[in-house]
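In what follows, subunit A forms one complex with subunit B and a second complex with subunit C.
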Partner chain A sequence: MTAESPHSRNVSVKLENGLHLVPCSRIAELVRDFPGTVWIRREEQAVDAKSIFDLLTLQAPFGTVLTLEASGNGADHIIEGLAALFERNFELE
Partner chain B sequence: MQTKPGIAVSPGVAIGQAFVLGVEDFRIPQRFVAVDAVDAEILRFRTALENVCHEIAENEKQASAKLGKQFGAIFAAHQQMARDPIVQGEVEALIRDKNFSPEFALSNVLRQYAQKLQNLGDKYKADRAIDLYDLEKRTLRHLLGERREELAHLTMPVIVLAHDLTPSETATLPRKYVLGFATEIGGYTSHTAILAGALEIPAVVAVGDIVANVSGGDTVILDGIHGRVIIDPDEETIAQYRDWERRAKTVAQRRVSYRALPSETKDETRIRLLSNIEFPEEADHCRELGADGIGLYRTEFLYLESNREQTEAEHLEAYQKVVQAFPDQPVVIRTLDLGSDKVPAAMPQFYPEGANPELGLRSIRLSLTDLTRFKTQLRAILRVAVLGDVQVMFPLISSLIELRQAKSTLHDVMEDLEEEGVAFNRAIRVGMMVEVPSVPLLA
Partner chain C sequence: MKLAEFVVEDAIITHLDVDSKEAAIREMVSSLCRAGRIAADHEEHIVAAIMKREELGSTGIGRGIAVPHTKHPSVESLVATIALAKDGVEFQSLDGENVYIMFLLISPPDRPGDHLRGLECISRHLKNEDFCNFLRQSKTAADVMELLREVDDERL
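Coming up: the complex of A and B.
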């Protein structure tokens, strides 16, 4: 595992109202200072997880499966952190 | 280019820059900056953004403490928005590559995103446009600081766009800088329609969501013929509208030639056409147009135009202007018809927050409570009545008692003037508005 290869993980949205403003902001907050890149994909669409505006354009209602992808030093940690957020429903519900 | 249909309530065509009237009126002072100012402007933008983030963080703390973490979380989201790298990148690119001013660049980028969200077809996301609007206002406030331009300080002609226009707002607009109005709500009897008609400028109402989609400084076409607002029109459309503008002027000129003709039906029944006015300056124009008198002079604007009380002399001066334009024809002056929707700055004590504007202390009821002001107006009306066929009309009368009280006050004023030896017309005709349902039932 070199520092350059992307790590990826599938997660599913368990929030009743889908990925709305506050969860998006928690994602952006988490990845903000990460030195590498983080993308979230849904089918053909890929959004930059550091941009709340980009995240907001994702249509991700309850049940949507998203793919998390990160590259750079510490990519595996950031993926873990993000997956945990989704798992814990962003501590909102 | 976006076309928004609405209701044309005042005819004409206007092409110009938009002035978007929000809760805080920020007019973007300039759209472009000089090439050598770019670095300084980017720095100014980044500083403003820093301050915005600190301010939002403060709001978040207070909101969480007072209202709970869920509420505070919204502000955290706003902070993320303010720091969004894509938005920052796009704004700075506009400043650097296209020489946009930070204000114009920010407004453009945020409104584009608001539009994107609205196009997702998801109501929740569409509603987030308000968060973007909030962020834009906040950031503009930091960017503009002392340089904030208020509505009253317009220095160039604009088309005013707003959710709705209150009488106070319209009364204080610098008329020579307003090309026309467009509002999100409203109808034929809206205040916007009445004022635009009086100013003879185009107005389109009931346009729906528009304030969130337009930046101050955007080019806008106001089509008061078909009832449309066109945002950011292309060259072809602009050319087409300039052509319509020309044609509308030609028609208007032809209409002028009809003025001198009498208003008669085919069987020669003479119909009297009188004008309604809001401002004394309109009287001369009404006479030129061939009006048979002033059917209704709405005196509210005397009160709304200024932040202080009008003296009897000021009332008299305004009324004189009108009567001098129609010395031999009827001039009906209606006394103050103010409600909570039209609050003059000089009378705040009568209007507690949250009062239902349709009920309560309005119009004649207000006048009968505030006798000093009522009598000032009545004195001026009685005095000007020596100059012509002046009639006084009381608004919103709902009972016989109210009418009697109003007439009794009028007689008191007559006695005062008599004692003081001031000339007035005792034979003035008195009337009232028949507008409250109880009145035709009592008649």
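Coming up: the complex of A and C.
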């Protein structure tokens, strides 16, 4: 796979209170300096992971499956980092 | 969900003049108290809970906007107020800028979906630059409510 190919992975929201402002901030913070693009998709809705405002519009409660998509140099690493945040439950609960 | 359904008109502050994040939060909670939407004996506890939430990470989410919030069992449904600070408030925002528009939310602990819907509603409208600009220029609570109804009805 070339550096420009999109990478994607499904993750589940395991936070009891859903994807609220703290996790959204941590996602935006993680991807802020990534030069490529990162989208988070919930069914038909895809939002820019660099924007907290966009992330909050996902309105994703506990159990929601989201798809992380990234492209650009280092996309695989950014997906890994984001998936790890979800797996660690954002270290919140 | 519509902004005008959960923002309490009588608690809106259009000329907030404070020198700290805590003072801003205290004024907004106090305003909800004066408007009769939270009981006076819960005021201190709610302020403390919101400040504790801020320790997890500032709710100053950039572009001059903050959304301080907490859950509290004394409310049966989502309640919110808005404060506008012409001179800005230092909020330790993620982008390092002062905050000029604050939405303070209190939601019932057993209804996390309501909280997410409230945040979604607020952030969706705050992406609209015209809305933010007009909001910052609002002089009275009635002006703010009219503006909320305009964005709720997609007239802005």
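Everything below uses one rule, namely that the second predicted complex is superposed on the first by the 93 of 93 C-alpha atoms of A that agree within 3 Å, B and C clash if a C-alpha of one lies under 4 Å from a C-alpha of the other, contacts with A are read in each partner's own complex, and residues count from 1 in each chain.
Heads up, the rule we're going with is that a contact is a pair of C-beta atoms (placed from the backbone, for glycine too) under 8 Å apart; a residue touches a chain by one contact, two chains touch by 3 or more.
Note that the coordinates shown come from a computational prediction; the quantities given were computed from them, not determined experimentally.
J.: In the superposed arrangement, which partner chain does A:His20 touch: subunit B (first), subunit C (second), both, or neither?
T.: Once the two structures are laid over each other on A, A:His20 reaches both partners.
J.: Please indicate which partner A:Lys50 is in contact with in the superposed arrangement: first for subunit B, second for subunit C, both, or neither.
T.: After superposing on A, A:Lys50 lies in contact with subunit B but is clear of subunit C.
J.: With both complexes superposed on chain A, which partner does A:Ser8 reach: first (subunit B), second (subunit C), both or neither?
T.: After superposing on A, A:Ser8 lies clear of both subunit B and subunit C.
J.: Of the two partner chains, subunit B (first) and subunit C (second), which one does A:Thr67 touch, if any: first, second, both, or neither?
T.: After superposition on chain A, A:Thr67 lies in contact with neither partner.
J.: When the two structures are overlaid on chain A, which partner does A:Thr37 contact: first (subunit B), second (subunit C), both, or neither?
T.: Touch status of A:Thr37: no partner.
J.: I'd like to know which partner A:Gln59 touches here: subunit B for first, subunit C for second, both or neither.
T.: Once the two structures are laid over each other on A, A:Gln59 reaches both partners.
J.: Examine A:Ala28 and indicate which partner it touches, taking first as subunit B and second as subunit C; both and neither are also allowed.
T.: both
J.: Overlap of the subunit B and subunit C footprints on subunit A, residue-wise?
T.: In subunit A, residues 17-18, 20-22, 25-26, 28-29, 52-54, 56-57, 59, 92 are touched by subunit B and also by subunit C.
J.: Given the complex with subunit C, which residues does subunit A contribute to the contact?
T.: 16-22, 25-26, 28-29, 52-54, 56-62, 92
J.: Across the complex, what residues on subunit B touch subunit A?
T.: Within the complex, subunit B touches subunit A at residues 70, 73-74, 76-77, 79-81, 83-87, 113, 116-117, 120, 122, 124-125, 128, 131.
J.: Quick one: which bits of subunit C touch subunit A in the complex? Just the residue numbers, please.
T.: Residue list for subunit C touching subunit A: 56-57, 59, 61-63, 67, 69, 94, 112-113, 115-117, 119-120, 122-124, 126-127.
J.: Residue numbers of subunit A touching subunit B in their complex, please.
T.: Against subunit B, the touching part of subunit A is residues 17-18, 20-22, 24-26, 28-29, 32, 48, 50-54, 56-57, 59, 92.
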